[in-house]
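Both of the next two complexes hold chain A, though its partner changes from chain B to chain C.
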Partner chain A sequence: MLAYITRRLVYGLVTLLALSIIVFTLLQLSGGGPLDRLKLNPRMAPYIQALTEQWGLDQPLYKQYWTWLRNYVSPCTSTDPQGCTSSFGLKNAIPIIMLVLAIAATAFVVYSVKNHWRGALVLLVWFVAILFAFRNMSIAFNWGISFQGAGPVWDLVFSRVGATFRLGFTALLLALMVGIPLGIYQAIRQYSFFDQLGTTAAFVAFSTPIFVIALALQILLALKLEQWTGVKLFYVTGMNNPGYGEMSFLQQIADTLQHLTLPALSIALISLAGYSRFQRASMLDVLHSDYLRTAKAKGLPRRRIIVKHALRNALIPIVTLVSLDVAFIIGGAIITESIFGWPGIGRLYIVAIGTVDYPVVMSIVMIIGIGIVIMNIVADILYGVMDPRVRYD
Partner chain B sequence: MNRLWPSRKVGMLVLLVAFALVAAACSSGGTATTTTTSTTAAPAATTTTAPPATTTTTEPKFEKPYGGEAVVAQDQEPPTLNPFVPGGDNFVVSIIGQGYFAGVQEIDGFTLELVPELVTELPTVSNGGVTVNDDGSMTVKYQIRDEAVWDDGTPISGDDFQFTLDIILDPDLPTDKTTYDTIVDTKVGPKTFEYTLSAPTVLYELLFGTIIPKHAVEGTDFVADWNEKMWPSAGPFKFDEWAKGEFVHLVKNDNYWKTDPETGQKLPYLDGVTFKFIPETEAGLNAFKAREVDIINPPPATESIEQLQALESEGARVEVLAGPIWEHLNFQFGPGRLERNENSCNENLNMRKAVAHTIDKQLIVDEILAGQVEPLNSYVDAFSPTLSQEAWSQYDFNVDKAKEFYGMAVEEMGKDCSVVFSTTSNNDARVKLSELFVDMFGKAGIPYENQLEDSQIFFGETLDNGKWDLGEWAWVGSPGLSGLIGIHDVFDPEGPPPDGSNFYRWGTPDSSVQDDATARFAEIRDEMNATVDDKELVALINEAENILADNVVIFPLYSRLDPGAVWEDTIGGFKHNPTSAGITWNMEEWYRVDLAG
Partner chain C sequence: MTDIEYNLESEEPELALEAEGLSVEPITQWDLFSARLRRHRLAMLSALFLALLVVLVLIAPLLPLHPPTERLLDESGRSLVNIAPRPGLWFGTDELGRDVLSRIIYGGRASLIVGLTAGILVALFGTLVGSLAGYYPGSVDQALMRFTDLWLGLPLLPVAIVVGRILPEIAFLPGWLKQGPFGIALLIGFLSWGSLARIVRAEFLSLREKEFVEAARAAGAPDRRIVFRHILPNAMSPIIVTTTLVVGSAIIIEAALSFLGFGVPPPTPTWGGMVSEGGRLAARGFWWELVFSGAALVATVLAINFFGDGLRDALDPTQTIERK
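And now, the complex of A and B:
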């Protein structure tokens, strides 16, 4: 398996390199530049020239790309002129050490724990490791400075990670908690009224653009609900109210839920539609398999058949889906974050595209790329762990 | 039989209830929408025609209450708080900065003229504040208000002005040094500051718009240290917190020196102001409807304005004003236009006049701006309406004249002249404009084609290389003579890109038009930049306006709408300012109506 993982990592690096070249080239070909907004001020020509030189925009494209790539993989040093805010020292190695330990722990769990829940244990270990790594994150890479004057790109991007994770993982949790039971129940009650209703609702949710869902939720659950009840249950925009830091713990929870519910719900509605459809199909496959027919013939109770024998196998395909969703969560929910004024990476990304802020756009695209590559590998490994029929060659 | 759910009936019941709730919500929403729509039309007309002074007539004459906060919606977030570094030119930086920045001048929201802020009066030749010296240089003197102090109590002094100048001129700092780099000498006093420019220029009017406190900033890293926090305030509020992606919060500056001219009370009234960042227009409007924000200045889409005007019956006040951004049609005179349209005849005056008579500006305003403003007959209106001669009013919408001029152009050029129109495709108003043009040019019998582009391409490669035939975009006007003088740079025959801003290439060395008019315009532009005499400047501006109109170098269309709305039953003292000062220009005078006894 080690050879498999190594091979996948090498492929992943090549993919990321290709991705960076393609995105960089597309950005250049898209026309316009970060200083175009200044061009319409008739007296800005000398200023534009000075910034062009300072940011290296007058350099050949291959040099610009090389500079970006070299910086992207270079840790910040205190003498760096690009405005890094932290240096790379022993303290900064903590996240790396933690991740290495997590990988070792994962390997241990995979090879030593011989039961069907080891996949969940692996996920848990990774989650704790990532959480711990982020809590101690003081490492910084030199991702350059934002062309729009927003400071070091590393700081800018990582200042948005918390918000994106809060929204993304809440939505994922909601979608899983509702979508999977829904899919299972639909499969068990195939062609029932509930199944038909669930199928219709899933297709409606799937085919409705997320901005329509988001705005509809704003109008229904924030505006109208307040008009009807006279109580403000949900906020239209923002992540917290000003003064959040001075609130009591309970007030903070209430404030968070009031802001988080609608954006999380709008993402979850679409995701849970997908999960329920996948889960239903997967469950139906398993329910119609021979070994379950045998189990029924042997007189096993229905609940035992479904929970112990069918569900475990039917959950396997969902792992891939969830893994990829986690990768996209890292990239942020572009439309939802914009509509709900949520301060995440997705919103930063859309602003950066609009202002032709190459360093920020490149950094976020690469984060998403890295996330997808890693989560793909994780999904493949988990798949093998959960399904003994899968072998790594 | 074993069941996964306790009861199927319960599940069904829950679903039915949920369905009923959703259905009820939908039907109720529908009713509300209908009502809203039906009330939209009437207030729209009322508000548009309402004079700006309406605010003062509705202001209470009693003592205004202190305390409370206001929330302002902003569709953009500042990349930095520092107005002197890249990104600091973003409009929202100054909108928020109205709370804590102060400088020599500000723009009055009622008169839309420059008025003194930190200084006792704005220097002019007539009041002795501006002197043209014998050696051709020009000296400007500021008398700083005695009462003006930073929020930590330190008096604002000439040293702060000198420090500001030093920062701007520091060759290692990425600051815009335009005009400041012509300052050759300074004199500093405790409450005075004097500087000498190498040559007379009216651009001095807008210098030192923001002053930096020397005692707080000296010794810091100016580029890195002031992006996410702010130096001591000279305005009514001071910086408190910036939650990235969410809001900026300002709190009251207890050392602010201004008093309310109406009541004599010390300003500001509010304890704090929050700027909430809501990038999506529709979400911003929803937040306003939900009263999560008290004040909003949405993009000027007529749909947004109509939504806001529908709230007037519930306590909102909406001001729709003609903003400083003026859209204009323009011709490319350089060789690049032939790559776009080989049958371009822009060098022919009759062709340009034919185009001018083809355009129905009233229809454009009616269709794009719902008739909320008048068509523009001169670019001068966007800067200083009192100086405008409405020079483009000579080109009325007249299909017969358009046909006649077009016939003459074809005859003179010896080819079937045509028009290819280019502008930005990601601007709804401009797309609508291009659709209207199809019909207008069709009626005039002028062959016409639309070739719209993404704004990044249009303002990039197309603009740089002059690769358009008939184009359309906007410039931004500003009060005072300096802005008006400055706009003439974009027609300067001696200023072709990339060093200059004459993107039209009218009269430039590679232009298809080089005649007496272009030569005279170049002289006028030089004279404008060499005098500070008001009368002389006005005469030059008038002459320049006539030359540009008579030669149809451009064709002004309309000023964009600039709506502002406030929940008037919550916040008093609000007056929209459609200039670069923005909606927050008088935030020190805002107060909570609901706190009034």
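And now, the complex of A and C:
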């Protein structure tokens, strides 16, 4: 198991390195480069040379890459000349402590809890640990300074990761909570009217680009609904209203939901369709298996057969699907954030690409890559935890 | 049950059977396949729709349409901006006074070119990598599959956006790659062959252990003959189905890139670009460009996916001709 995880981590690192080299090289191919816009302004002419030297744009490509890579993985210290505002301190230990605690808690759960709550508990532990570590993080890495004058990249990116996480996690939760029961119900009532309807709807959702869904939801449920009924149910743009700080707790929840629902729903709908199809197939597989026939032959009540025998095994394969879906959800977030003006890394990414802001683009691509690699490994481990038939070699 | 005595000893058994009133036309795999496909009503409808779309897009210059980039004027010379659908301008005009119907038909060109080119590219490259890996286990397989895994690990949309952004600026590329839909098609194709390679490899791994392959090898058939004559035809079904789905997703990715402004550059009409523009207009009450371009996009991808579904069923030899 440990060897397996180590191997996966090494593969993950190689993938990330390749990703960084590919994107870095691609960015260099762009004709103008990051100083292109400044060159349009004649008063900037004296600074161009200085900036080129300061940012190292005149150095050979491999040197630039090496500088980027070295800085990207090095935490800020108080002596760093640029790209850092916060410095290394005692508080930086919190994420590491949380990591150790989470590993210990996972080990404890795996060895002490033997029933089907195990997977859920492990997930919960990691969720709390990551959230807590993230909230208390003061560590910063030297990710450079935005070429467009937006300050240190680490601050820029990390002030927005939370928003994207909120959006993506809500979408995932929504897709899971609707998609899985839908698929199970369809499998139990195979070939019923509801099943056929669900299948067709999933096909349509699958074939609809996310930006069409997002625009349709935005225009129908936010703009037109207000025009026609006068009720402002959802907001078109942003994450919270300006006066969020002064609102009461209930108002804050309402405000958050009014902003969050539509973008999250746009991302969730396509994933939801995928989950329901997959869950239906997986449930049908189990329903037609030999041991289920045995359970029926024993004369167990139908409810017990479905809940206790079929469901628990039919839920396992979806873990893989969800982990592979993370890339899709992030891609969806990039598009949805642009449509709904959501202040996350997706929108920042589009803006940074438009202005060829190398450090910001590289940082966000790498965050996305790291997220996908980690989720794939977590899913593989969870799969083994949930399904005792899986052996790692 | 009537018993028919087959005179199999006769010189010409077929004639003997025909004399009994029985047909001896052999039923080929193709007959079975097309019979199964024809029973799939949605797939046939989708095929019809796609065929119609292809014809429309091909003969677009011959149709009585305004050019897609022409800004229309009325009799008194005022520009026809944001005109609602009406006879003559069935889909209305956009904010620059261009005919939306004409733009949708011409926009279909970009989508179909990207979908088909990316599909062919993925089919060729994915099959090549997958079959090499599946037929030569060991170091070739290991190397190719590590490469495929790495490729599959790349986040598709973020990387596609970077390439789409810088594509028009790459100095050493020829003009038709930089500006047109072919560059986008190549980009999407090269980013999405990974899953097909995996599927083909799995097919090859299982097929190469089958008895008929062993028999061919025992008979002294060279590798080339075994692969092209015995294994590949049996692996065609997943290749065709996966490629069909890739065509659909390539069209969606192209539209997403154009929507974000990193796809085929304007003024060339694209469905993604029109949805983006139409979204802005729809917020002001001019709904038609969004509705029609969105519908064109969804209908096309839906038809491709339905057709792929029909193909999957029809290519499955275990499926009986009767469908529920």
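Criterion: the second predicted complex is superposed on the first by the 376 of 393 C-alpha atoms of A that agree within 3 Å, B and C clash if a C-alpha of one lies under 4 Å from a C-alpha of the other, contacts with A are read in each partner's own complex, and residues count from 1 in each chain.
Assume a contact is a pair of C-beta atoms (placed from the backbone, for glycine too) under 8 Å apart; a residue touches a chain by one contact, two chains touch by 3 or more.
Everything quoted here is computed from the prediction, not taken from an experiment.
Taken together through their common chain A, the two structures put chain B and chain C in a clash. Within the superposed three-chain model, A:160 lies in touch with chain B and out of touch with chain C [touch as defined at top].
Judged by the touch definition given at the top, the superposed model places A:209 against chain C, while chain B stays out of reach. Of the two partner chains placed by the overlay, chain B and chain C both lie in contact with A:30.
Touch criterion met: A:223 reaches chain B and chain C at once. By the touch criterion stated above, A:344 is placed in contact with chain B alone, chain C being left untouched. Using the contact criterion defined above for the overlaid structures, shared-chain residue A:194 touches chain B, although it does not reach chain C.
Applying the stated contact rule after C-alpha superposition, one finds that A:301 touches chain B and leaves chain C untouched.
Measured by the number of chain A residues touched, the leading partner among chain B and chain C is B. Once chain A of one complex is fitted onto chain A of the other, the partner contacts of A:240 are limited to chain B, with no touch recorded for chain C.
Look at A:384: by the touch rule set out above, it reaches neither chain B nor chain C. Shared contact residues of chain A, touching chain B in one structure and chain C in the other: 30-32, 215, 218-219, 223, 338-339, 350, 356. Within the complex formed with chain A, the chain C residues making contact are 146, 149-150, 153-159, 161-163, 165-166, 169-171, 248, 252, 255-256, 259-262, 272, 275-276, 279, 282-283, 287, 290, 294, 297-298, 301-302, 304-306, 309, 324.
Put simply, chain A touches chain C in their complex at residues 11-12, 14-15, 18-19, 22-23, 26-27, 29-32, 191, 203-204, 206-212, 215-216, 218-219, 223, 327, 330-331, 334-335, 338-339, 349-350, 353-354, 356, 361, 364-365, 368-369, 372-373, 376. Within the complex formed with chain B, the chain A residues making contact are 30-33, 36-47, 50-51, 54, 83, 146-151, 159-160, 163, 184-185, 188, 193-194, 197, 215, 218-220, 222-224, 226, 228, 232, 235-240, 242, 301-303, 306, 338-344, 347-348, 350-351, 356. Looking at the complex, you find that chain B touches chain A at residues 1-2, 4-5, 8, 11-12, 15, 25, 28-29, 32, 77, 79-80, 82, 85-90, 174, 176-179, 223-224, 227-228, 241, 243-247, 249, 272, 274, 276-280, 282-284, 286-287, 289-290, 292, 454-457, 459-461, 463, 473, 475-476, 486-487, 489-490, 498-501.
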